[in-house]
Amino acid sequence: MSEANKEKLSGLTTVKEIMDTATSFEVVARDFYKALAPKVSKNIRWLVDELAEEEQGHVDLFTKLANDPKVSDVMAEKIQRPVADGKFSDCVQVPDLGENPDDQTVLQYALLRETAAMDQYTELADTAPEGPLKEAFTFLANEEAEHKEELEKIYYEVVHSGGV
Amino acid sequence: MRHILYRLKDRYHLGTPVFQRDDLCFVTVKRFELRAILTELRDVEGFTHLTLLTAVDWIEEQQFQLTYMVNNRVANLTLALRVMLDREDATGDTIHDLWPTAATYQRELREMFGITFPGSPRVDEEFILEGWTDLPPYRRDFDTLAYSQQTYNDRPGRVTHDPKTHMQKTLYADYPKGAK
Amino acid sequence: MSLRDVLSPFTAWKHVINDPVTIKDPFNRPGADRYRGFHQNDMDKCIGCGSCEEICQNAAIDMVPVEGQEAGPGDSGLRPMIDYGRCCWCALCVDVCMTGSLTMSNEYTWVDSDPDAFRFVPGVDGKSWDLEPKGYQREDTRRLTGTTRAPMGELAPEDRIGNFCEIVDGFTPEQAVIEADRCVECGLCVATCPAHMDIPDYIAKVRDGDFEGGLQLLYETNPFSQACGRICTHKCETTCAAMHEGDAIAIRWLKRAITDSVDKDRYFDLIQKPDVPETGQSVAVIGAGPAGLTTAFDLARKGHKVVVFEALDKPGGMMRYGIPEYRLPYDVLDHEISVIEAMGVEIRCNMRVGHEISMEQLAKAYDAVVLSIGLHQGRSTRVPGSDKAEAAIDLLRRITAGVEVPVPEQVAVIGGGNVAMDIARSMARLQKIKYGRVGVTVTALEDLDRFLADREEIEEAQEEGCVIYPARGPQEIVLDGETVMGLRTWKVQAIFDDQGRFAPKYDEADEMIHPAGMVVEAIGQMADISLLGEALTEKLEWNRGRIMIDSTGQTSEPWLWAAGDAVSGPDVIHAVADGHRVAVSVGKMLAAKREKVQ
Amino acid sequence: MKDVDDKFLKNPDTEVPLREELRPRKVTTPDGQEIDIDPLRDYFCEAKPKVHPKAYSKIVEDFYNWARANSLWILGFGTGCGAIEMRPLMTPRFDAYRYGIQWRPTPRQANLLVISGYLSVKTLKRAIRAYEQMPQPKYVMGLGSCTINGGMYWDSYNTIKRLDDYLPVDMYVAGCMPRPEALLHGFMELKRVIKEGKGEGANLYAENFDQYKANQKAVIRDWDMPDYNW
Amino acid sequence: MFSFKPDRSQYPAPGPDGKIEVDLETGKYLKLWHGPNHPGITGNMSVELTVCGDEVVEGKTHVGYLHRGFEKLMERRTFIQVFPIVCRVCVPEPDFNEYCYAAAVEELAGIEVPEMANWIRTLILEMGRFNSYMMAMGGISGALGLGVVGQWMTYTRDIMLDRFEELTGARIYHMFILPGGVRAHLPEGFEGRMEEVLQTAETYLADAEKLMFHSSVFKTRTQGVGVIDPALFETYGVTGPNARAGGVAKDVRKDSPYLVYDQLDFTVHTETASDIYARTLVRFKDLHETIQLIRQILKKMPKEGEVMTNLPNVLHWKIPRGETYIKGESSRGEYGYYLVTDGTGYPRRVNVRGPSYTHAMALLEHLIPGTNISDIAALMVSLHTYPPEIER
């Protein structure tokens, strides 16, 4: 998520707007993975497919929330169980995806994306005034953190599995 | 104990003695000398107490072992004489005139092992069993479980499972067992 | 007769005024605290090993499947059913119980007019005495089956560190007999062993001193018994009934005792190729590791022609190039493979598929191809500076091949698995030889209890002077220009979540720099699938990064099977199991093909 | 029958000869008379047992059962191990007499036969005789594992495995051996069963007389008594 | 005074096969079955009496009613599996079987038993002896119509059974002496409760003494009756109190000490009359000796220590070929186990040498001719025989 994105978000005033914008980011991510899939070797394609699916899931969720009148309730409930950040991916280098990335690279890239998104939403939530907007950003940050955690699990399984 | 055996050794054919304890020794003797040895032990060496008389079935060697255990209470010594009998012709020599109580032992041996002791009082009378028609039960070739299963009824409905086989069936039934 | 004799009996009358000794309420009189009354069984502790059934002289106990108790690792799912038409309350079943689950309450009343009612499964069929705390329990430990492992000689740390000699002596035949005596032959381990070896049966052979019979038994399920006798991960010992109150049976060492006790030349007499006609069909196996060679062994014994293609100098795969010599001496491995070769298996070394010969050629020339390529590429953490790090698996391979490797005075290893321990201990030996002292640091994400390495590996590494820092997350390999200076790590506060899945938490404040002239990464390996070629890679079905196989090991291609580390399990015994499975599947296909031709 | 090796198959055809004193013969009496005697026929009455009918009215039957339940008179025949726990019951400590239970020396005065554990074939013969000599209504109680399914002598050649093959059993008490308290429980339970009118063992015996006899004769090889002796 | 001394001359003499020729059909003699279902019989056995008037001409002991084929069953059980069944050989004093079997196995397998276990074993054996003597005292008094002594003795025996129960976990078949040791330590406060039992026993015994040994009825019916000629002791294999009542101080505990008897002080009591009275008196004195021994053991025994060694895996325990004989002094006399092993996991042969075997068979049959029919019960009880150990 670039500075431009952040700017785009910070200017918004309603929850619906935020959700719509967030959705658009997810759509971009999804499309990115979809485009990546054919480029990688078939044995790791499952990974990229899974990432795309995950983003699609977010798209669906955010779209639903944007049009849900009870959006704040749903979010409030989610926020009450904040997802802790383990900072695992901090040790991961910024990968260069290149032409033919392997599974570890893809994972690291995805992890980085999620981390950046999470950080950004967290920052926005911190600066936003108390109210629905803050809630919306916190919710989004949480979502991304959750996703990142999922990825970390996969990362461990893929990379550290053979270490016997 | 040893000097008694030395004394006997000069006149009788003794096998290699086994000194199980300081006060207990097993030795094999010849059947035709048994009576003489027992008499001598009883009358000269003070082995006045017949502790027991029993048999062991060594079916693999086709022999019965009769064990005559005599005890000298004063010296606290027990000597067990082993006499090997041919299993086909299981006949022992009665010693009921040396120890009347031996008659009971011999009756039991007759019934339980089928070893006869001609001349022993009431030796052919039923002792413990009643109406027994099968092999003498203490013989090794009598299978008590088989007899029991053929004669009596178990309560039905019991099934058991071997853990190994059961786990094979439930957990890895499709694993091709072995490279055979 | 005196007057006294007439009168004195009347003194008994004085008891008229005594209180009666009668028990007022005989129906609710509890048995003594130790009374051997009716049985109780703790379902959580019971493992259904059947030792109670075995020892019961009354044949009163049946092992029956019960609802809610599924068979699983170390639990047969069976539970003892006791027939009170047989029981004599001797409590030998309690004394022998391997887990202490079976006890006796002090309840003793059970009357019924139905003779068939006196059967029950304690702990399952609810009884009034289930929770009664009083009653017979073993006074201290289980004493009837032996709780401590027989001693075995091994090199002291100071004697072994300066060389690559094998560390453990293995049981002498006498020690093996003593250890084998402890086995209760429940067979729970058989299910856990991936190759389902006949563990209780070969232990029984050891006990009887029949090592040659034992060896034949071993080869029925495992042509790598010598290797497994040394380096098997022995999961069987984690489900051994004896481990609950005492040491598990040393199953691995007993296996080794069998293979060591039989003269090397006798192997070829004892394990002979069965007299089967040649089928004229041929199979290519790629990779001469345990999976490939097991497949080859099985198929060759069925009369097929088997050719094994090995990329490296010598056959053995990871057993040779991954496992250091002090754990598995090369001559043992050579002998093991020669037994397999005696079955008629042809091994072509230095034949890298994809270079010397292509997959397409193999597919054409052979009736079936088995892919057992293992995991020979090391994973990297890819933390900053990791391009200067060494991969453990490469280093090990170079050490085995006799290639000179750099030996700095201080080495840091990342990883907590057996490979990490192997490289740490190998490097420690090289350091000892070169500098006379050891300087190895091992860091791993996991805390010590969760290390993937075997407990004894860790302990031996520590004995040899390797310093282990558990729960350290690598952050950076510190470089001074091109030179490696050390490894920077953070403390890992927690690594797994409640469900046991990965969810690391770091403590940034707790930072350490482990000085090192070399950093070795031993976090994991992956398969080098480049030999498949792009077309085949595209054509095959995949499952989360691994070639998809069905339960028999067949891939989506009808002529191709895959086995070993590359598709499943992490160790030799899994590979062997895989090899058997694939061999059966291949054999079936070949038989079907033959029938078609006829 | 489970699988039995051929060499352990028993020969069921061997007849056991009748004891000399039980064979029919001519006897000279002290006064010089010659008479024919056939001990098995002459000394016993051979009538088969009859089913004991219930009283016409339920109230009367209930009264009978109450009376029966409260006078359990046990035949003092110690057939096996369990007999040793009878003595504590007969003596003040456990004092079974207070529950209307007492021991009688002869079957003619008893209505409860307690089979105290295993029965060797030799004792089974005596137990059957004792049981048949007891007047109706009569009950049988089996003590311990041995009477239920053979107990620890499950593989013995000389003990029966299931008492109910040979005698109708009204109550079983588990244990090896059962404690006096458990026995008392058994007596109380038996009382309850009798009061409910379910103590039908003797009638069961009469109804299935032929089956019981066949079972008995299958194990008692020297059957030198009439089929029913009372 | 009226004499019960029998005059055997008027009865036919036994023939060479031991049978007495009596023609039942003359009507002069009557065959009478004494047992198995008879209140005056010691357990499930029977004596076939030939009587002439109320004098017994001949008696034949019939046993086998309790035969379970132990010696056969033991041959098809592993060494540990034999352990639960041995105690059943003798119901009233089962512990001797456990001890003899365990000691025999230990000797052949070369197992050392911890010191503490030996003390507890001795304690158990003495407690068993106490019970057995109580049975005998109760039995003899019951056989002579002194019911009340029988009641006291049964009660005393029963409270000792309570001590057995808390120590071993069972009332009758204790199954406590495993090969390798014993199952458990003494429970907390055991000594105190045992002392109570012993004191109760002493009170009752003091009363019983007045009712028995100072009773004219008892004396008349027992003195001079059932006399065993001490010359027969050796030839008939008479041991234990039966021999001690005839002046021969036979006692395995002294003659060939086992367990810890060499560390205990006790007297071997003897009498000279060798009649029922003397035998009962010897038992009575020995019972006091036993009470004293139990106190002594509890005082002298170590307070701590292992009670059991670790055994090899009993599920496939093989014992090398060998044979041995272990004996001990039970309440009835010399009790022994002859164990033969053949290197397999099963005993080759176990022979139980019970004192009742000789006492109830040859000896009883020898004593019966000439006695009065009413003395048969007392005579049998005075020999103190337990049928289950005769036929096993």
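Going by the order they are written in, the chains are A, B, C, D and E; count residues from 1 in each one.
FYI, contacts are C-beta pairs under 8 Å (C-beta built on N, C-alpha and C of every residue); 3 or more make two chains touch, one makes a residue touch a chain.
As the structure is a prediction and not an experimental result, all values here were calculated from the model.
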item: Where chain C and chain D overlap in contact partners, by chain label; value: B, E
item: If a chain touches chain C and chain E alike, it appears here; value: B, D
item: Nearest-to-centre chain - CA centroid comparison; value: C
item: Centre-of-Cα separation between chain B and chain A, whole angstrom; value: 87
item: Rounded Å distance, chain B centre to chain D centre (Cα mean); value: 35
item: Centre-to-centre distance between chain C and chain B (centres being mean Cα positions), rounded to whole Å; value: 48
item: Of all residues in chain B, the ones touching two or more other chains; value: 129-130, 137, 142, 144-145, 155
item: Shared-contact residues (touching 2 or more other chains) in chain D; value: 92-93, 122, 148-150, 152, 154-158, 162, 176, 179
item: Touching two or more other chains - residue numbers and ranges from chain E; value: 64, 67, 69, 72-73, 76, 84-85, 155, 173
item: Pairs of chains in contact (touch as defined earlier), listed by label; value: A-C, B-C, B-D, B-E, C-D, C-E, D-E
item: Chain E residues within the chain B interface of the complex; value: 16-19, 63-64, 67, 69, 71-73, 75-76, 107, 234-237, 239, 250, 255-256, 322-325, 327, 334, 336, 338, 340, 348-349, 351, 353, 357-358, 361-363, 366, 391
item: Chain D residues touching chain E - in the complex, by the definition given at the top; value: 21, 27-30, 75-81, 83-85, 87-88, 90-93, 105, 107, 118, 120, 122-123, 126, 130, 152-153, 155-159, 176-177, 179
item: In the complex, chain C residues that touch chain E; value: 1-2, 4-6, 8-9, 11-12, 15, 21, 31-36, 51, 54-55, 57-58, 88-92, 95-96, 136, 139, 143-147, 181-185, 207
item: In the complex, chain C residues that touch chain D; value: 20-23, 26-27, 29, 31, 57-60, 83-89, 108-115, 118
item: Chain C-facing residues of chain E, complex; value: 77-78, 80-85, 148, 155, 162, 165-170, 173, 175, 178, 180, 183-185, 187, 207, 210-211, 214-217, 219-220, 307-316
